[in-house]
Amino acid sequence: MAKDNVVVIGGGPCGIEVSRNLRDMGYTPILLEQQSELGGHLRQWDRLFPEGVDARKVLKELTSDLRGVKWFTDATIDSIKKSRKGYTVNVDSGMTFESKAVILTTGFKLFPAEKKEEYGYNIYERVITNADLEEYFRTRKDSRIQDPKTIGFVHCVGSRDEKACNRQCSKVCCATAVKQASEIKELFPEATVYCFYMDLRMFGRSYEDMYLNAQKKYGVRFIRGRVSEVSEDIDGKLFVKAEDTLLGKPMKMKMDLLVLMTGIIPGESTAQYSEMLGIERGEDGFFAPKDTILEPCRTKDAGLFIAGTCTGPKTLPETLSEARATAIQVHNFLSK
Amino acid sequence: MIYQGKQKIWADYQKEIPDDHWFYVRSCIRQNFFPASEVTMLKIFREMLGKDMYETPHHTTCGGIAYHNECIPQETQMAIIARQFALMTEAGYENYTCSCITSFGLYCETIETWHEMPEVLERTRENLWKACRREFNIPKYLAHTSDLVFKFRKEIGALAKYRLVNKDTGEPLRVVEHIGCHYAKMFPSKGVGGAEYPYVLVGMAEEWGGNVIDYPERRHCCGFGFRQYLVRANRGYSVSNTHKKFESMEPFHPDFIVTNCPGCPYFLDRWQYVIAEQTGKTYGGNGQGIPVLTYEEMAGLVLGLDPWDIGMQVHQIAVEPLLDKIGIEYDESKKYEGTGGKPLPEPEFPAAIRCC
Amino acid sequence: MGKLYDRLARDIRIKEWLKACMNCGVCVSVCPAAEFYNYSPKNIVNIVQSQDDEQIEALLKSDTIWYCGECMSCMTRCPRKNAAGQIIMALRSLSIEMGYFAESEKGRQQLVLQRALCGNILNYGYCIYPRTFNYEDHPESGTIGKWLGNNLEEVHSRLGSNLEHDGPGVLRKIPKESLDELKSIFDVTGATARMEKVEEVSRRKAEEMGLDMDEYSKRAFTYAGKGHTHE
């Protein structure tokens, strides 16, 4: 097998796994990452659901053997042009790569919580996001978290919300909320923890166990109702309004800390690449593959592949599976 | 409270407001309960700022209160609005400003409906022609009069004689701003600052030296509720909502309340009297209640207009404590006089709340 | 899909503001009526959504649809872009058209409102008018309200009003031609028909209840029975 260059754009878990698999099959992956480190959002997480596996360990494993992968960080793509042989990729540092195939693994962005104005993120101090909380779990440093006695988790922030211009469900936030609710209860055993949910998406293996555990072991209280409004009392604590829809009762509760489960939305570059390369996007803004069931990693250009969360919300194991599948598809394409 | 977070949101919700040549229509409630507010508004804009605010005697109510009480069907409502726009068109204007918040909400909603459903616009044109042979253009710009005062807050500030500052302590006054529900709750992008943290009154108050305070039930409706007030049997709803707001703002010790809707100050003012009579409780700490101002009155006071010229005497809650705090001079003996100093009988004073 | 639902669905407000409710409860938690009355905007939208004529008819005859204060706080927050407040208005309109409003205590109040507000519009060109805003009906307007009512011309003159005079200004006399145009609009667009309907249905209901119109109308204005609020 010739040591063909294959350009992979986006050095998160998906891009890394695609590259490793392509390398194993004898190609020379060129992995280009915009940020100064590989790993994408995985770098920000503490523990992964459902078992609470250490995210740092997973990242270390993924990046432990990148021999034969040419990876570059702080690399921003200037342009990708179709050439006779495939694609010419120009990086801002001045590098240029020729590649018969290009794989976009550009990942996602978290919904900016301040856009859901009624929740008061960055206005009321005690309102934080799921990402902020993961950071706290990693560093144990956040001045907003001061021995909270009543903690609320708000599901569906920026998801399933026409007003936020995102109709889609972000899939993983429910599991994350149940995980984080359990974890914060471990840190603050005296606290009462509430999850304000719409539908509890416990679709994966062991997720229902995690939910059961959250209730039985940690006493997390699940209230079916979307939070409508957050305000601040004179003591800095938060008032949270929601309806317990199962009881049909509107409620106003006082909280010491509120965690907003911000959803997965298309990354900044998705629109950009879509234009640059003529890749279609769905109404939700993510890349639209050639066929969502049979060819979820192909586009209308045979040499252009898309994988990972740039095509929609996914869990990490799903992303890694998709990465490996895409590597095979790329190999099949290059072998023709 | 992280102020910069609010500033970012305000920056997102800017509204384009032309600076002159307005077709002006009045508010039923404001004319009834705060008549001098509209007089003051026009005085400020026409005389002090030299603007063209045109009023035709032929304009009428927009019908909003009747519409929200289901007394007139939506088609009638749209035709009345169309007639108002026809008067604007006839007078040669394309900027439309209204004094009432219910009107403003209704104008926004109607224009939006006409935009979404052109057949409805067509039908309205037919109805208007059939009824009174008039044709109309949709205004190019629509603003509430508080948007205009907001736009010219710096100019007004430059002419101001007083600041919203406690003259004894030097501290900015603590201002509660109350936005009428129909200003931005229906179409947040049509309100300056959006629906969650509206900026139209905050901008004025801050420009003129005050400090706006937030409190948990800030966004809550004052409780007018249309039929929930107009029908005596329902008034419990109305006072309960106002009561809820006062209970929520009390710990924050506001010096006064300012509102942009004409109905809200009526309710925030008079229900304090009712709550005092029924429960003995007053807010504000001095047994006199928390003064409630319209934004025209707030502008008039900072500009140094006489409080009795701008209509403060037709409020139930005494405004004198606020005037004293700011250092505004006034002649108490002239408070209840008629035109040219004509003496009038004084109002009775309520038992449970001190009004002087 | 039945006849009643079809009729309801023709209302512009249903077309624009009924998308699909997913029972998130956001509207209920900010609704002032839900707090003080036995009321849930969510339940109402669900009934409409069910398209069940029997349930809709029961709704139109009940006190329930008259609890809303039309503040539109629900409209700001709904994640499906429904507007319960607008749907309520469509239900109220249909209730009036069908004559069902008179079957409920709160619905019967419509007569009083209509006479007052439409009367003001057609006679004066304003929705609220000081000559028809009686202190006896509004003691909550305070001692200052009473004073204003007793010294109306003087106070208005002092404040720069143009009360009941020609030309522009506060509470000016709106020219007869304009009032005629409003009447014409009422006739052409169905407001007059609605007024007549409300009078007729109320008259029949009063008869059924054994009350003359004065008694009926006074009761509608002042009487509040039990069962409206959370006990």
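For clarity, chains are labelled A, B and C in written order, and residue numbers in each chain start from 1.
What we mean here is this: contacts are C-beta pairs under 8 Å (C-beta built on N, C-alpha and C of every residue); 3 or more make two chains touch, one makes a residue touch a chain.
Being a predicted model, the structure only gives us computed values, none of them experimental.
**Q** Could you tell me which chain's Cα centre is nearest to the average position of every protein Cα atom shown?
**A** Central chain is B.
**Q** Hey, which pair has more contacts between C-betas, B-C or A-B?
**A** If we tally the contacting C-beta pairs, B-C comes out ahead.
**Q** Taking CA centroids for every chain, report which one is farthest away from chain A.
**A** C
**Q** On a C-alpha centroid basis, what's the spacing between chain A and chain C, in Å?
**A** The computed centroid separation for chain A versus chain C comes out at 49 Å.
**Q** With chain centres defined as C-alpha means, what is the inter-centre distance between chain B and chain C in Å?
**A** Taking the average C-alpha coordinate of chain B and of chain C, the gap between them is 22 Å.
**Q** Mind checking the centre-to-centre distance between chain A and chain B? Centres are C-alpha means, answer in whole Å.
**A** 45
**Q** Using the touch rule from the top of the page, what residues of chain A touch 2 or more other chains?
**A** Answer for chain A, listing residues that touch two or more other chains: 118, 229.
**Q** Out of chain B, which residues touch more than one other chain, so two or more?
**A** Those would be 195, 219.
**Q** List, in ascending order, every residue of chain C touching at least 2 other chains.
**A** Only 35 qualify.
**Q** What residues of chain C sit close enough to touch chain A in their complex?
**A** Interface residues on the chain C side: 19, 22-31, 34-35, 40, 42-43, 77-81.
**Q** Tell me, which parts of chain A touch chain C in their complex?
**A** The touching residues are 118, 156, 160-164, 198, 224-229, 241-245, 248, 250-252.
**Q** Can you list the residues on chain B that touch chain A in the complex?
**A** 1-2, 4-6, 8-9, 194-197, 214-219, 251-252
**Q** Going by the contact rule at the top, pick out the chain A residues touching chain B in the complex.
**A** Within the complex, chain A touches chain B at residues 114, 117-118, 120-125, 229, 231-234, 239.
**Q** Within their complex, state which residues of chain B touch chain C.
**A** Counting only chain B, the residues touching chain C are 26, 28-29, 31-32, 35-36, 38-39, 55-61, 63-66, 68-76, 78-80, 83, 105, 113, 116-117, 120, 127-128, 130-132, 134, 181-182, 184-186, 188, 195, 219-221, 223-228, 230-241, 244, 269-271, 273-274, 309, 311, 313-316, 336-339, 342, 344-350, 355.
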